[in-house]
Each structure stands twice: as structure tokens, then as C-alpha cells.
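Shared between the two complexes below is chain A, which pairs with chain B and chain C, respectively.
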Partner chain A sequence: MSPILLSAAVCFLLAGAVLCAMLSRAKAANAIGGIVAVVGAAVAIASAVHALQTGDETLQLPWSVPFGSFHISIDGLSAFFILAISAVCALGGVYGVSYLRHYKGKNLGASWFFFNLLFASMLMVVTAWNAVLFLAAWEVMSLSSFFLVTFEHERQEVRKAGWVYLISAHVGMACLLAMFILLGGQNQVMDFDQLALPPGVSAAAIFLLAVVGFGAKAGICPMHVWLPDAHPAAPSHVSAVMSGVMIKTGIYGILRTLTFLGSPASWPGWWGWTLLVAGAITGVVGILFALAQHDMKRVLAYSSIENVGVICLGLGLWMIGSAGGNTIIAALGLIGALLHVWNHAIFKSLMFLGAGAVVHATGTRNIEQLGGLLKPMKHTGVAFAIGSIAICGLPPFNGFVGEFLIYASAFGGIVGLGGSAPIACLLAIAALALIGGLAAVCFTRLFGIMFLGEPRSEVARHAHEAGVSMRVVLWILAGACVLVGLVGPLVAGVAALAAEDLLPSTGLDIGPSLGLLWRISGASAGLIVFAGAFWLLRRRLHAGRPIEKAGTWDCGYAEPTSRMQYTASSFSWPVIDMFRHVLRPTLTRQLPSGPFPGRAHLTSRTHDIFMRFFYVPLFAMAQRLGQSLRWVQHGRNQVYVLYIAVTLLALLLWKLGTEQ
Partner chain B sequence: MSILTDLLMMLLVLTNLRMLASSRVAVCIQNVAIQAVVLGAITFSLSAHAAIAAGVIVVAISTVAVKGLVLPWLLRRAMKGAGIGREIEPFVGYASSVLIGAVLLGLCFVIARPLRDTSHAGASMLIPVAMFTILTGLFIIISRRKALTQVLGYLTMENGVCVFGVSLAVEEPLLVEMGILLDVLVGVFVMGIVIHQINREFDHIDTDRLSVLKD
Partner chain C sequence: MIILASIIHVVLALSLSPLLIGVINRVKAKFAGRRGRPLLQLYYDLWKLLHKGAVYSTTTTWVFRTGPLVGISAVLVAISLVPLGRVPALAAFDGDIILLAYVLGLMRFMTVLAALDTGSAFEGMGAGREVQFSLLAEPALLLGVGALSISTGDWSLSGIYGSLFADGLAAVAPTAVMVAASLLIILLAENSRIPVDDPNTHLELTMIHEVMVLDHGGVDLAFIQYAAALKLWVFCALFVGVALPLQMHWPLVDLAFGMAGVFIVAMVIGVIESTMARLRLLRVPQMLVVSAVLAMIAVLWALR
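Showing the complex of A and B:
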């Protein structure tokens, strides 16, 4: 029943997408595109809920492609991801309708075609049970998101971002192709229920190919370089969908591949170490670079990298716990990671949509130009504040719940595991703590510079609140942050359903840990009630008294201007300076000198070190190598035919030679 | 019957060598036409072992009609239109072309030895001759300068492919044969038009001088 329902949702989305593409009137396409996304999401959510209630079901139809079959199945893990994908896509769709309305003269039909195509392909990715179908859906997902990123293709930096994304997506795809051929090529099966490690193939190779191939989508360092370019380039609702859920399909892919490689207890310990160290590096590097950015969507993109790092830390603990035979530590790590998948989908889409509302109101993504936006944009500001607290992993909101479980798993591992595992757990705790602290600095800076203080430019002074439908979406997401924070144990229960098949032993009782979570929920509720009571008290004290507005105390200086505030750069400089050997910021400055200093200026830029010191030299070398082969192509078709003839003859002779 | 087939094969080899040796475009066109007739005859002679199927007759007759009559007529028209009588200054001279052709012929017999089992029992020469025809066509495309001569090379290669088809099984699906024939017809038709246009635009049809369009 549920796979049929899901296929119906996918077919509906595809039909809706085609309809949007054919509509010539931008306004109609815009409205219909949003409606299609919402209805498709409703059907997909129904199928996932049905699957969670009744258990796994499959649907298999023949398909004429070699090794392919239209085989889809929904188990707990798939259902878990379907719920996140559908919810974020539906909200992104509603938001997108009013966000895109202001792009006059753009082909909105094409944008909605690719949006709904992306939605449908993501649903197929998490439910496909055949490698050929999976790879086809994966490729459609990459391509449709590429076209969404290049929506404003008339701008050069958008085209560049699109290229970087396209290349990294296909490098990842190449790894996945190799991986599935290694897995299924020998036995000529490509259905997931029959895929297993064939004899003579190294499991480590498949694991590493999966981490690199899926990691390129998820944004695991150093394959993360496309994210900071692509997210600022894309429209905000697309960034929300891509960062909130599309990169998570990489996490899904890693989890799904691991199920082909035998029982979790049999995995070697260094797999867990690999994911854990990759997660720690990804998390720390991501949040450090987030701190150094001036473009708000670039900050959020780097923060997505950081959160993928946190999820990988959880997965690493899960694998280390499994290898050590301790189911409870493994379960806490995995459930924590899965919870963080949901949580990040919620708060990151909230942040991107909030940032979109600000871009919409001011026309700039540069936070140095903003300030004081909380007054004109109260709703957006409060929702953004809730998202900021949640993303730092602070109580009482949802970010805390997932990270708490990962912490619990790591602390449990220190005492409960033998061998080198406690060192890994200590590393995870240290990395999580460092990430948490830096995230608090990063989002204090982002929120503070954007929403507090005085406007730093004319555009910020004339900002206006977002439209009703955008505000509603922001409030739904902010509400979800609060709600998941309060009913964390229930959500953890759903994640436990998804995690069931991935644990070394069944019949696990995570009751005691959930009990602890309930106590946290109680404390969170208390905190919220306490804060609410304070707010009411403040209102009562203010009631009936005149409220005056005055300038901030300026230390006696006669003419303060709005430029005499902390800037985003100055706020984060102490931390950046501390980590300057990692971040390598470039400064151009002219310091004031003499008793009557003239003009002075200071600019700091922080480019991605992996892009600068690894990918740019690598691709430059590839280009030089390619250039040295240019003499092959000189325009004489006679010689081209000669190449073909010689190649064919050589192949024929070689083939005949080997047969004799 | 195998003597007749072998004779036809030899005729095909000789036309190939004549193709390599002649500088006159008109002779080359005539050559291609002769090859088409020989091709039709080979089809008949091979299928003479059994009762001749209606499909074979249709294929053979249409091959002769298209490749022996329609295409030569088209090419002659293109030749007159472009005012090209002969191929001057080919990349490889005529004497060396024939020598290279002889080497290729030997090579084909060597290559074809392991493949012989798959072909007709009665025609051991079919595969080497087919390959020789294909290689001759390719060689003409590589070594000649004029676009028109290159079209002739393409047609020669196509004839070789046809012999190959005949050698593997007499009764290839009718639809496939006809499809290939139609492809060749349309291809040469288009090439004829293109040659005409190139000639009008540039006053010559030397392909080596059309190399600016690369990249």
C-alpha cells in the first residue's frame, strides 16, 4: 500500500512539474508549482506514516533497462527521510510562491519544474530498491538542483557556483557507479535486497567509495567546496531544501550502503574512526569558516557543513559502538545522528528562509550592511533568533536533543568500550564541545549584526516585514523547533524505528536514556514557562507607564554614527586570529598614522583553504595536461578518421591476438 | 557456385585497387557503381545454394538501383556543379596508395583467418575482401583532399560493410538492409548538397583548407 501511495505522489509531482513547465504565464506557474509541492508532500507523508505503522512493503515492476527494475520499498529509514524531505519541500514550496513573485520577467515555470522534479527525485532516492533506479534518481536530483542553483544565471558568480556544483556532483556520481559495479557486477544483481559483498571484493574499498561518493553530496570535508558557493547563488527556498534535506540524502546513502556490508558487529573499528575523524574535521572547519564570512547565506552554508560533521560524529560513534559490541552506545550514536538529521532540516530551513526574508527586504546578503532589523522585522527576527539558539545546540530547543544523545553515546563509550574506542569518544566529545562553542559565537554574531544595533546602511533603514505566507512558514518552522525540543523522546522513538535494522542486536531497550530525555524536556518546558512569565511581568510593569526612546549612551562623544558599532569582522576577529593558521585570512589594510591621520581602511577575506590550496592547483594541473594534448585536435578531418581507423585496427588485432 | 562467388570477390578487389590508383573522379564514381552491381551479384550467387527468397531479391535489386544508378547520378551532378575533374595533390600519391592497398589486402587475409569459421562455408574469401573494402574506403577518406573523393571513400566503406553483412548471413532482416540503404542514400544526398554549397562559398572543396572551424 505505502509504496503505491509513494509512487502516486512521485507521479503527481512529475505531472505537476511538466504542467508548470508548459504554462506560459509566470503567475499561474508560480501558484500551481507551490500547490503541487504541498499536495505531493501530503501524499508522501501519508505513505511514510503508513509504512511506519505497518512495516516494510515493496513494489516491484519490470523495467527494460539492463539490471534495472522499478523496485521501491519503504522501511523505517526510508520513511524517516521521506518525512523530512516532504515537510521541508512543502514549506519551501509555500514560501517560494511569494519569494519568486518578485522576479519579474524570469521563467518561473522552469524553476517550479525543477523544484518539483527535485522533490520527486529525492523521494525516489530514499525509496529506490534497485541500484540502477537509485542512480537514475540520484542523477536527476543532482541535475535538477543544478538548474535550480543557476536560476539567476545572468550573474557570473552564479554560473561559477553552478559549475563547481555540477563537477563535484559528478565526481561523487563516478564513485557511486564504481561502488555499485563492485557490489553487484559479479553476481549481476542490482536489487538492494540481494546486494551483498561478493567474495574477492574489499569491503573497505566499498566503504571508502561510499564515504567519498555520498560525502560529496553531504558536504563532508574536503568534498564540501560546492556548498559555500551554491547556497548563496540559489533562491532562498531552494537553499532551504538543498541544505535542509538534499545534502542529507548523502547521509542516507552511507547508511543504506552499510546495510549491504554485513552485520554492524562485523565492521572493522577503523571505519568508525574514519567517519568520526572526518566528522570532527568537517564540523570544526565548517563552523570556523562560517565565522569568517560576510555573506549571510555563505555563513549558513558553512554551518550546514558543520552540522553534517556533527551527524558524522554520531555515525562514527554508532560504528565504533557496534564494533565494540555495545548496542546501547551504538544506538544512542545512531539515533542522535538521525535526530540531528531532522533537527537540522528544521532549523536550517528556518534560517535560510529567514535569511531569504531579509534579502527580500533589503536586497543585500552582506551582513555588514545590515543592523537593527529586529524593529522593522519583528516576526522574522524572533523566528531567526529561535533558529539561532536551536542551531547552537542550546536548550530548550530541538538542536540540544540530538547533540545530547551523541554526547551521551560518547560518554557511555569512555567507560563502556575497550581498546582504542575511549580515545575516539574523547575526541568526539572534544570536537562537539569545540563546535558548540564556536557555533554560539558564530550565530551570536550573525543574529546580533543583522538584527540588533543600529542600521548600518540605507537599505537596512528601509527594511520591511516579509509577507504573510512567508511569515507563516517561518513560524511553523520555529514552532517545530520548540515542539521537538519539548517532545524529544517521542521523536527519538521514531528515529529508533528507523534505526532498528542498523543495530548489531535487536530488542534493544533505550528506555533509560529516554527517561533522561523526558527530564530534559521537563526542564526545557520549565525554562520556556519561566521566560514567558518574565515577559508577562515586564509587560505588567510597563503597563500604563510612558516609554521613551533615546539613543544609546555614547560615552560622551558628541556625534555618534551607526558606523561606530561592532562590525561582523571585528566581532569574530579574535576567534579568526586564534585559528589564523587554519583559516588563512587575507588582510589588506592602510593603518592610520601621524597626529592627523588621513584615510585608513581594512579589508579581510577568508577563502576556502581546500579550494585555494587543493582544488584550484589540481584543476589547473589537469588543464595544463589537457593543453599539452591540444596538438591532437587541429581540424583536419582526414587525420581524425585516421585516428578512428588506427584505433579500430589496433583493437581488432589485439582482440584476435588474445583469443588465439 | 563458389567459383562464381570467388570471381566476383576478385572483381571487388580489383575495383578497390582501381579506386586507389585513379585520379579521375569520374572513374571513381564509375567504380563505386560497378562495386554496387558486384555486390548485388554476390548476394544472388550466395543465396543460389537455396531457393532464393523474395526478400533477398528485393534487397539485391534495390542495392543495385540505389548504389549503382541513383548515387552515381547524384555524384556526377555534384562533380559537374563543382567543376572538379580530378583529384590533384592527394596526401598520399597514387603509386604509394596502391602499394599500401596491397599491404592492407595481405593484412586483411591475416586478420580474417581466425574469423573464417563464422562465415559461409562456400566463401572463404568473403571476410578478407569485405574488410579490405572497408579499409580501402577509410584510406581514401584519410588520404584524399577533395570532399567529393571523401564521399566516394565513404561509399566504398559502406559497400564493404554490405559485403560483411552478406557474409554473416544471407538473410539479414529486410528492414535492417533497407534502413542502411536509406541511410546511405540520404547521407550522400546531403553530402552532395553540402559540397555544392561549400564550392559556391569558397570556390573549392579542399577539406584541408576548412580547418578553421575546430574547437
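Showing the complex of A and C:
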């Protein structure tokens, strides 16, 4: 039943997408595109809920494509991802309708075509049970998101961002092709239920190819370089979908691949170490670069990298726990990671959509130009504040629930595992704590500079609140942040259903460990109740007393202006300076000099070190090598014919040689 | 009996934490050869502040007014999670240290936002320093507790502290000493004491914590000061549990030892503040890195 429902959703989305493409520039395309996404999401959610209630179901049809059948199936893991994908795509769709409205004259039909295509392909990615189908869906997902990123292709930086994304998506794809050929090439069968490690193929090679190939999509460092370019380039609802759920298909891919490689208990310990170290590096590097950016969507993109790092930490602990034979630790790590997948989908789409509302209202993504937005944009501001607290993993909101489980897995591992595992757990704890501290810097800075204080420019002074439908979406997501924080154990229960097949033994009861989460919910509720009580107390005390308004204390300075406020750069500079050997910030400055100093300025920029010191030189070298072959191609047709003749002759001779 | 001791601990913490500040100031006064302000000065201050109206800056929004409320709520949750020496916390469960660290993180987050809400460059400066220093303190704290967790095979704070010295002093002494040293540095940094921050400084440019709350007054300031005293209590209690290797197995006696320990720590802070100068701001991160390194060595020692 549920695979049929899902196929219906996918077909509906595809038909709607084609309709949007045909409507092209017509006004109706915009509204229809959003409606299609919402209806498609409702059907997909129904299929996932049905699958979670009744268990795994499969739909297998013969098709003319070689290597197996048209095979889709929904198990707990697929259903878990379907729910996240559908919810975020539906909300992104609603938001997109009013967001895109003011791109007059653009081909919105095309944009909605690719949006719904992306949605449908993501659904296929997480349910495809055949490698050929999976790879086809994966490729459609990459291409449709490429076209969404290049929506504003008139701008050069958008084209460049799209280009970087396209290349990295295909480098990842190459690894995945190699991986599936290694897995299924010998038996000529690519159906997932028959895929298993063939004799003579190294499991380690498969694992590493999966981490690199899927990691390129997920944004694991150093394959993350496309994210900080692509997210600012894309329209905000597309950034929300890409960052909130599309990059998570990389996580899904890693998990799904691991199911082909035998039982979790049989995996070597270094696999877990690999993911854990990769997660720690990804998390710390991601958040460090996030707090050095001036473009709000670039900040959010780097923070997505950080969150993928946190998820990988959880996955690493899961594998280390499995290798050590401790189901509880493994379960806490995996459920924590999965929960963080959901949580990140919620708060990151909230943040991107909130940022979109700000861009909409002010026309700039540069946070140094903003300030004081909380007054004109009350609703967006509250939602963004809730998102900021949640994304830092602070109670009482949802971010803390997932991170707590990952921490709990690590602390449990210190006590319950032997060998080198406790060191890995301590590494995870230190990394999570450092990431948490850095995230607090990053998001107090982002929210504080954008929404608090006085406006730093004219555009910020004339900002206005977002439209009703955008506000409703923001409120739904903010409400989800609060709700998941309060009923974390119930959500963790859903994640536990998804995790069932990926744990070493299912017999063990993980209920008591998840019961810890009720304590967290209690504390969260306590926090909210206390804060409310103190608010009432203050109101009682203030009753009848003078409550005055005055200027901010400026230490007696006579003419304060909004330009004297602390800027985002100055707020984070001490931290950037502390980590300057990693971040390599560049400063250009002209200091005031002489008795009558002229204009002075100071600019700090922090570019991605992996782009600067690895990819740019690498591709420059490839280009140089290519240059040295340019003499082959010079435009003379006669010589080209000669090449063909020589090649054929050489082949003929080779063939003759091997015949004997 | 044990639960009774825990309840008494929370009641005493709530009622006596302002006295800690009084003790520190009295010790500092004695060192300077002054008579010093009354031991109960903070109580008088709080009482007075609670009877005042408010002046809010026109720049500020609800964030500024929410900061003190969240701060005091967070620290109340923290108080219920912290054991005092061998007396278990009111709410003890596996992984409570994570919640403890993160509610304090929430308190800091909202204080920083409230500071940025005023639009003052000074408060921005203080906020920037606060987040910079705490990002180093947090890993050190969790690693230190991780080290204790290895030594005791337990991962709830009360469990760790309850069994830390159960198998004799010799086995855990090196770990405990290093973690205690690390915790002391974190205590000084997180509670804005010398050598990290000077609670008595008069120059806005050099302050950290005090400058962030410059614009708060009246009831809000009372909440902030009371929350700061409670936070100091939380860290003193954490420190006492590692530094005071006494266990009587009579909850009320243990409680008395713990209380004595907390006030001794306050005196030690007073001595440190009287005998040390403030570090240059650039040196503070180095001091915090030392605390993280101490915690790491403690981990390696515990793992051996």
C-alpha cells in the first residue's frame, strides 16, 4: 500500500512539474507550483506514516532496464527521511509562492518545474530499492537542484556557484557509480535486497567510496566547498530545501550502503573512527568558517556543514558502539544522529526562510548593513531567535534533544566500552563542546547584529515585515522547534523505529535510555515555567512604579550614532584571530596617518581554505596539464581525419596481435 | 535521609549564595587592610533593587527584558542538577552534566543577546569576550567530568561524586587534582573573577560580565545579581566535590562538610583576587587552554 501511495505522490509531483513548465511565465504557474508541492507532500507523508505503522512494504515491477527490476520499498529509515523531505518541501513550497512573486518577468514555471522535480527525485532516492533507479534519481536530484541554484543566472557569482556545485555533484556521482559496480557488478544484480559484498571485493573500499561519494552531497569536509557558494546563490526556499533535507540524502546514502556490508557488529572499528574524526573536523571547520562570514546565507550554509559534522559524530559513535558490542551506546548514537537530521531540517529551514524574509525586506544579505530589525519584523525576529537558540543545541528547544543523545552515547561509551573506544568518545565530547561554544558565538552574532541594536543602514531602517504566508511558515517551524524540545522522547521513538534495522541486536530494550529524554523534557518545561513565573513576578513588582524610557548608557558621549555600534566583524574577530592558523583571514587596511588623517578603512575576509589551498591549485594544475595537450586540437579537419585513421589502424593492429 | 540532604542543599544554596559574594569581599577587604562592607551587603542590594522601578533604553526590545528572566530560570535548573560534595543533586540522572553545561550556555546566550540589544559598543565588546572565553571553558568542563567518569565508571554527576573517593584516595588523587585545578580556572573565568575579569572595575572598556549588564537596573538587575551568585554556588559545589576528599556516609554530615567547603572556596577566591592582578585580555584564552590541557591530561591519566 505505502509504496503505491508514494508512487502516486511522485507521479503527481512529476505531472505538476510538467504543468508548471508548460505554464512557463503565466501568473498561475507560481501558485500551482506551490499547491502541487503541498498536495504531493501530504500524499507522501501518508505513505510514510502508513509504512511506519504496518512495517516494510515493497513494490516490484519488471522493466526493460538491465540489472534487476523497478523496485521501490519503504522501511523505517526511508519513512523517516520521507517525513522530513515532505514537510520541508511543503513548507518551502508555501513560502516560495510569496517569495517568488516579486521576481516579475522571470520564468517561474521553470523554477517550480525543477522544485517539484527535486522533491520527487528526493522521494525516489530514499525509496529506490535498485541501484540503477537510485542513481537515476540521484542524478535528477543533482541536476534539478543545479537549475534551482542558477535561478538568477544573470549574476556571475550565481553561475560560478552553480558550476562548482555541478562539478562536485558529479565527482560524488563518479564515486557512487564505482561503488555500485564494485557491489553488484559480479552478479549483474542491482536490487538492494540482493546486494551484498561479493567475494574478493574489499568492504573498506566500498565504505570509503560511500563516505566520499555521499559525503560530497552531505558536505563532509573537505568535500563541502560547494555549499557556501550554492546556498547564498539559490532563492531562500530552495536553500531551505537543499540545506534542510537534500544534503541529508547523503547521510541516508551512507546508512543505506552500510546495510549492504553485513551486520554492524562485524564492521571494523576504524570505520567508526573515520566517520567520527571526519565529523569532528567537519563540525569544527564548518562552524569556524560560519562565524567569519558576512553574508547571512553563507553563515547558514557553513552552519549546515557543522550540523552534518554533528550527525557524523553520532554515526561514528554508533559504529564504534556496534563494533564494541554495546547496543545501547550504538542506539543512542544512531538515534541521536537521526534525530539531529530532523531537528536540523526544522531549524535550518526556519533560519533560511527567516533570512529570506530579511533579504526580501532589505535587499541585502550583508549582516553589517542590518541591525534593529526586531522592531519592524517582530514575527520573523521571534522565529529567528527561536531558531538561533535551537541551532546552538541549547535547551529548551529541539536542538538539545538530538545533541544530548549523541553526548549520552559518548559518555556511555567512556564508561561502557573498552580498548581505544573511550578515546574516540572523549574526542566526540570535546568536539561537540567546542562546536557548541563556537555555535553560540556564531548565532549570537548573526541574530544580535541582524535583529538587535540600531539599524546600520537606510535599507535596514526601512525594513518591513514579511507577508502572511511567509510568517505562517516561520511560525510553524518555530513551533516545531519548541514542541520537539518538549516531547523529545516521542520523536526519538520514531527515530528508534528508523534505526531498528541498523542496530547490532534488536532484542535489547533501549527504552530506559530514551527515558532519560523525559528528564530533558522536564527540564525544558521547567525552564519555560520558571521564566514565565519570573515574568509575572516582575510585572507584580513593577505595578504602580515608574517605568521609563531613555537612551542607552553611552558613558557620557555626546553624539552617539548607530555606526558606533559593535559590528559583526568586531564581535567575532577575537575568535577568528584565535583560530587564525586555520581560518587564514585576510585583512586589507588603510590606517589613519598624519596630523590631518584622510579616510581610513579596514576589511576582513575569510575565504574557504580548502578552496584556496586545495581545489583551486588542483584544478589549476589539471588545466595546465590540459593546456599542454592543446596542440592536438588546432582546427584542421584533415589532421583530425588522420587521427581517426591512425587510431583505427592502431586498434586493428592490436586486435590482430591479440588474435594469435 | 539522602533526599532530605539534597533538599536542604537546594534551600541553603538559594538562601546563602549571596553570602558567598559577601565572604569574598570581606576577605579582599581584610587583605587590603579595610573593614569592608557588611557580609550581607548583597542581600541589602537585592532588597533595594527589588523595590525600584525600571528605565529601559529606547533601543531595546523584548530580548533585553527576557535576558534576566531566562538567566535566573536557567541557573535554578542548574542548582537542582549540581551535587554538593557527596550529597547528591535534587535531580540526578545519567548525563546531567550535559544539561547543566547547556542551561548555563542558555543563560550566557540570552545575556549576550540582551547586551547586543542595547546597541552599545561597550556591551558588544563585553559580549564578544564572554562568548570567546566560554567557548574554551566548555570543552574543558566536559572533558574534566569525562575524566572523572572514567575513574568512577559512572556518568551522572551525583554518581561520579558519590563514588569518586570510595576506593581510597590514592587511586584517583592525580585525576582529581588535575580536574580540580582545571575546574578552578573555569570557575574563575565563568564567574568573571580576577584574573579573568574584575567585578570592581570602573572602566567599561576593560569589563566583561559587568559591562554586559550595564543597562539593566531595578528588578532586572536584582535577578541578574542573584543569578550570578547562584552560578558561583554551582561552580563552587562542582569544585568542592573534586577537591574535598571527605566522605562520612551520613548525608547531613556530608552536607555540612560540603557547605564548609563552598565557603572555603569563596575565601580562596578572595585570596586569589587579593594576591593576583588581572591578566591581559589576550592572555585569558591561554589560561583557559591550560585548563583544557589539564583536563586532557587527567583523561589520559584516568585511561591508563
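A few remarks follow.
Operating definition for what follows: the second predicted complex is superposed on the first by the 627 of 660 C-alpha atoms of A that agree within 3 Å, B and C clash if a C-alpha of one lies under 4 Å from a C-alpha of the other, contacts with A are read in each partner's own complex, and residues count from 1 in each chain.
Throughout what follows, a residue touches a chain if its C-beta (ideal position, glycine included) is under 8 Å from a C-beta of that chain, and two chains touch if they have at least 3 such contacts.
Just so it is clear, the structure is predicted and the values come from calculations on it, not from any experiment.
Superposition model on chain A: chain B and chain C are shown accommodated side by side without a clash.
Of the two partner chains, chain C is the only one that A:L394 touches; chain B does not reach it.
Across the overlaid complexes, the C-alpha centre of chain A sees chain B and chain C at an angle of 160°, to the nearest 10. Of the two partner chains, chain B is the only one touched by A:N637; chain C is not.
In the superposed pair of complexes, A:A523 makes contact with chain C only, with no contact to chain B.
After overlaying the two complexes on the shared chain, residue contacts for A:L438 are found with chain C alone; chain B is out of touch. In the superposed model, A:E548 makes contact with chain C only, not with chain B. In the superposition on chain A, A:F447 makes contact with chain C only, not with chain B. Between chain B and chain C, the partner in contact with more residues of chain A is C.
No C-alpha atom of chain B lies closer than 54 Å to one of chain C in the superposed arrangement. Overlap of the chain B and chain C contact sets on chain A: empty, with no shared residue. Chain A makes touch with chain C in their complex at residues 371-372, 374-375, 381, 385, 389, 392-396, 400, 404, 407-408, 411-412, 414-415, 422-423, 425-426, 429-430, 432-434, 436-438, 440-441, 443-444, 447-449, 451-454, 516, 519-520, 522-523, 526-527, 530-531, 534-535, 538, 541-542, 545-555, 562, 564-566, 570-575, 578.
Chain A makes touch with chain B in their complex at residues 633-639, 641-642, 644-645, 649, 652-653, 656, 659-660.
Looking at the complex, you find that chain C touches chain A at residues 50-63, 66, 68-70, 72-74, 76-77, 91, 93-99, 101-103, 105-106, 108-109, 112-113, 116-125, 127-129, 131-132, 134-139, 141-143, 146, 149-150, 153-155, 204, 214-215, 219-220, 223, 285, 299, 303. Touching chain A in their complex are the following residues of chain B: 91, 111, 114-115, 135, 138-139, 141-145, 150, 207-208, 210-215.
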